[in-house]
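Mind looking over this structure? Questions follow.
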């Protein structure tokens, strides 16, 4: 070995890193969402495909435009915008007009993310901001449901999908009537009356019902969540807290009065709860970082969901529950800051 | 006439706190909502002060309204209410100064601001037009005050976090607060129909 | 802002006597009081007329052709109706409506009642017209509501929905104490019976609220109208 | 006696970096020769620098005192080799700055036997004498912190020590010098513990060893001398188990108060190497002149544990072990906390437990792009002190250094870098904290003026 | 402090010191009563009336009002004119009165009016005070129209009740909801900030401008 000076690089410690990156997390979330998206395309056909594509493209384009306008480095490459777009698409009904989807994507990124300073600073889940905006802006379109597994779904769109921008979507009544599988009513299980008797939890579990594009198949969402969990990219406590509290609270209510309140299994598997609990509430940016905070956060989501579903006028409450929990996340974090080592008031005394 | 008189107390609380939140759905008390929501601590203190003043002035306004109606001098209502609120704030200030100097120090600077908080006058005005009973008035004032505080503290939490974020320069200040308030308002829409 | 202004008010340099302040405040109050009283006097009549006009127009919309209203306060608990002139408290919630026929004769057209109930967001207040001869509701109008614009407020604007109320069956049961069939709201497109209301698609909650408030009112009001039908036909004469 | 003494316990939080210990754990300690010139910095420890007592051109014997302690929190220095003092001048040290050092030109002809003082009867010595002898030996914490050992052994009025801990965790990846030392010098370790027990008046001693060193655990457990209250306890393999506060928490479930010392919870904690050196040096009143260093890393051809004279320049050591062609970076200490050096002229000091050479591959593997914090909470769950690195990092970005100290316990951070290790966004958190701390120090210094 | 010219008294409030967009005052009505242009106009008129009349009366009385009771007198005067406005609106149109809810009464605590009384008319002559009230009122009206215009056009697809885009237009309901109010005002403030920043940037080369 020669004694000539070695070219030494100066880097700060630590010199080893855990092999996990933000990029990889986002990429894996996108990968985990892929089966959900594929199932929805299988169930709802061409409309779902277009819907998901437009949502994703709209989000990515907005992200790109925002970066251009604000002179920041382009952050499209971190996959977060694509994930947001995909999530937004999965929460919308399959018949949703594409121009509204594009609006939703732009709002998600613009209002939900860029305004706060981009990835990492957003207070609310961007996809849900977009979804809530669409819900408030186009209340009819966002609650118009179509049945899954309609014949010919891969060749033709649901008529309202291709509505002309800024104009009312074409009614889907005829489409639903033509589909007419099992005297289908066009409502999601949560909208049906006497829910407990009409919807079989197994159907909900397997995704045989109508609903938002990506929320119908609970088992698939669970499996995809499991994938993320195995890869250590999902905080298991959040789905556990959300689903557990929904199950417990609705279970108690069901025991008290089985006629008014649907059973806990139905509550857990219906609507967007599974998708919300596994893919949206777990958004790291908008959930607390403290252990106790995570539990408070997730139980809060579960409780608000049940309250809105059973006591409010809206059939579905997951989205609002998550947004509200997002809003109080800073408070939860502030109040659950861990006790710093060695600062206990309890005697850290000798034996 | 209005259906207000048979509003149950739980409905009143839920309605003013969540469904028709004073700040986020009724646009009352926007100025303090924007002005005093920069720190969680100050926000919660302001909230407590407002709840207190609302309760007292609501009770007083109830009494005064009875007198005014009896004297057939309803046209003096507005002047009477604003006078009541201003003096309530003064009295509360003096009272707290005497009884708890610590609390006075904490609330001191916020108390005079409450006089021009339209949420307080709004409570008095709305309870009269809805024709609430005394108990309903108190619950209504309590719910409104809690609702105001809830919105204020949530906003303070978000803003405290936002201090560490790279908010685009142009949106800094009131613009982003309003945008966040808009998102909050959207989120609170989820409570529609609660309590009815 | 008060801190800065304190330095610039003209009289800041010398203390003011209490007497002066009291007199000044008194004077300002007097002026203000005068202004208010004058405003009240000037506008009182117009306001009363405006309110009456609005009621008349609303009733006219619900029951076209009515030119003369006789106002009653119906006490649904006690089962009494009292002409407005004779009561001090309470608000009008029942109108006997009269029009003129071809020959110019005064003719009893029916009754219009006020009803209120909880909607999707806040109270819905409405008027409905009842024809005692046909035993049907013949008209309906929302006076006030806080329903979601563009969705729930279709209960005001939607023509198909309003068509429900041109001939809504509210026939009474045998002993004339309650409706034979309760008014119910059914999902859009599922109306089968004349006493059902076809909901607005996408605004089921508000539609149901209308059904519920109509049913709650009609169950009491319509038997009451029939009890006092003769009196109402005469129109308080 | 062993009231709250839980076996196999650990502290909360922490991280699990890959160990990389295979290459050297089985390599017996090997003595390294003398470099032509040794550079002995006067401040190799925390506290006041030592004061040189030799002059230029003076001849020194190996083990001779060349600098005396500069105060209570300071230790003397001894000549690591026989030779001539060529100069007393500034030298580049590991931190990248210049500090005064004694340059000794090694005389290859001279006897390299270490100088011996008059015998010291440990059995008969009073605790105070023991402490004094430890200071005279120039002993500092050899685990890396280099805090003067005698200070830890001094029990102030009103305080008591009930437990002495021997820290055999060696939680830093790559390092195995303590592991080898425990295997090869167990008798010195026990003797050192006996001294520490006597000096502090503690009732018992516990040797805490991470459970990835089963051979050391078994060996020590089986050979505890009779009559000594010494226990051998496994602790979970987790970084930073070897931090004093963490070890105390793990073994005794006591929390050293924020801003406090182990003494505040009646504990004195010493590295196993320190204890072994203590036992080796004290009987003949010798000074610390060499130490075991793990020289390893993918860039080293012949990794192993070497007994190296203090003041040996890195270049000499690395020439001896051989560097691979793609070696790019040299780190003093472990990869989690050790600084990377800017020049191979830097000498080894008392606190250097490892020399690590990393290659181009490791550099390439280090993620380059820093993403914004996504509040994943990994760092919160890694921080052994339950701080909130994510929040501290955000504050540091906004240069809210004062708030970090006053509201968020910045000064409790001992820069273990667990947060930075886990951060998926590759934010240099620990670097932020170092900057924040130094900014705060500067600000306070400016205020004092 | 030098007294502003007559022109400045009038012009300042319209643009340079626009009460809503620049001074960020009077947010409650700017948010609450702007879901349609009609309501916005009615609210603007009400506020302008109170502004001008109270400014005038405050200015008339300014020589006699001692600072100790200054605020009390101002509030008394404002409350009087608000009560008058309340009756006037009710007499003019009951539907508009109902649409404005409690917000006519709440003009009393509208910071714009008290701050003009305090900052301007208690120091300036009657004519200037009236001009200031008018200017501020117009500035307020512009702001409300900006709000109301956007909200009605997007939210209902109409302007002053006249449909603009035909029956097939899909209204963005959110803009007539409370959250839409927040968004619209937030967006306007954003646009104004951008505008001012651009103005400042353009002016810079000519010399330092505050």
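Which chain is which? They are A, B, C, D and E, in the order written, and residues in each are numbered from 1.
Just so it is clear, contacts are C-beta pairs under 8 Å (C-beta built on N, C-alpha and C of every residue); 3 or more make two chains touch, one makes a residue touch a chain.
Remember, it's a predicted structure, so these values are computed and weren't measured experimentally.
The most central chain, judged by the distance from its Cα centroid to the centroid of all protein Cα atoms shown, is A.
The greater number of contacting C-beta pairs, out of the two interfaces B-D and A-D, is seen for A-D.
Per-chain Cα centroids separate chain C from chain D by 85 Å.
One finds 22 Å separating the Cα centroids of chain B and chain E.
Each chain gets one centre point, the mean of its Cα atoms, and the points for chain B and chain C are 30 Å apart.
Look at where the CA atoms of chain D average out and do the same for chain E: the two points lie 69 Å apart. For chain D, the set of residues that touch two or more other chains comprises 391.
Multi-chain contact residues of chain E (touching two or more other chains) are listed as 72, 76, 79-80, 83, 87, 173-174, 177, 179-180, 183. In chain C, 32, 36, 39-40, 120-121, 148, 150-151, 205 are the positions where the chain touches two or more neighbouring chains simultaneously. Considering their complex, residues 24-25, 27-29, 31-32, 72, 75-76, 79-80, 82-83, 86-87, 102, 105-106, 108-111, 114, 174, 177-183, 185-187, 189-190, 193-194, 197 of chain E touch chain B. Residues 40, 153-154, 157-158, 160-162, 164-168, 171, 176, 179-180, 183-184, 186-196 of chain B are the ones that touch chain A when the two sit in their complex. Those residues of chain D that touch chain A in the shared complex are 3-4, 15, 17-18, 96, 162, 173, 245, 249, 254-260, 265-266, 301, 315, 318-319, 322-323, 327-331, 335-344, 356, 358, 362-363, 365-367, 369, 371-377, 380-381, 384-388, 390-391, 409, 412, 417, 420-422, 424-426, 428, 430-431, 434. Partner chain D is touched in their complex by these residues of chain A: 1, 3, 5-18, 20-25, 78, 118-121, 235, 284-291, 294, 337-344, 348-351.
Every residue of chain B that touches chain D in the complex is listed here, in rising order: 163-164.
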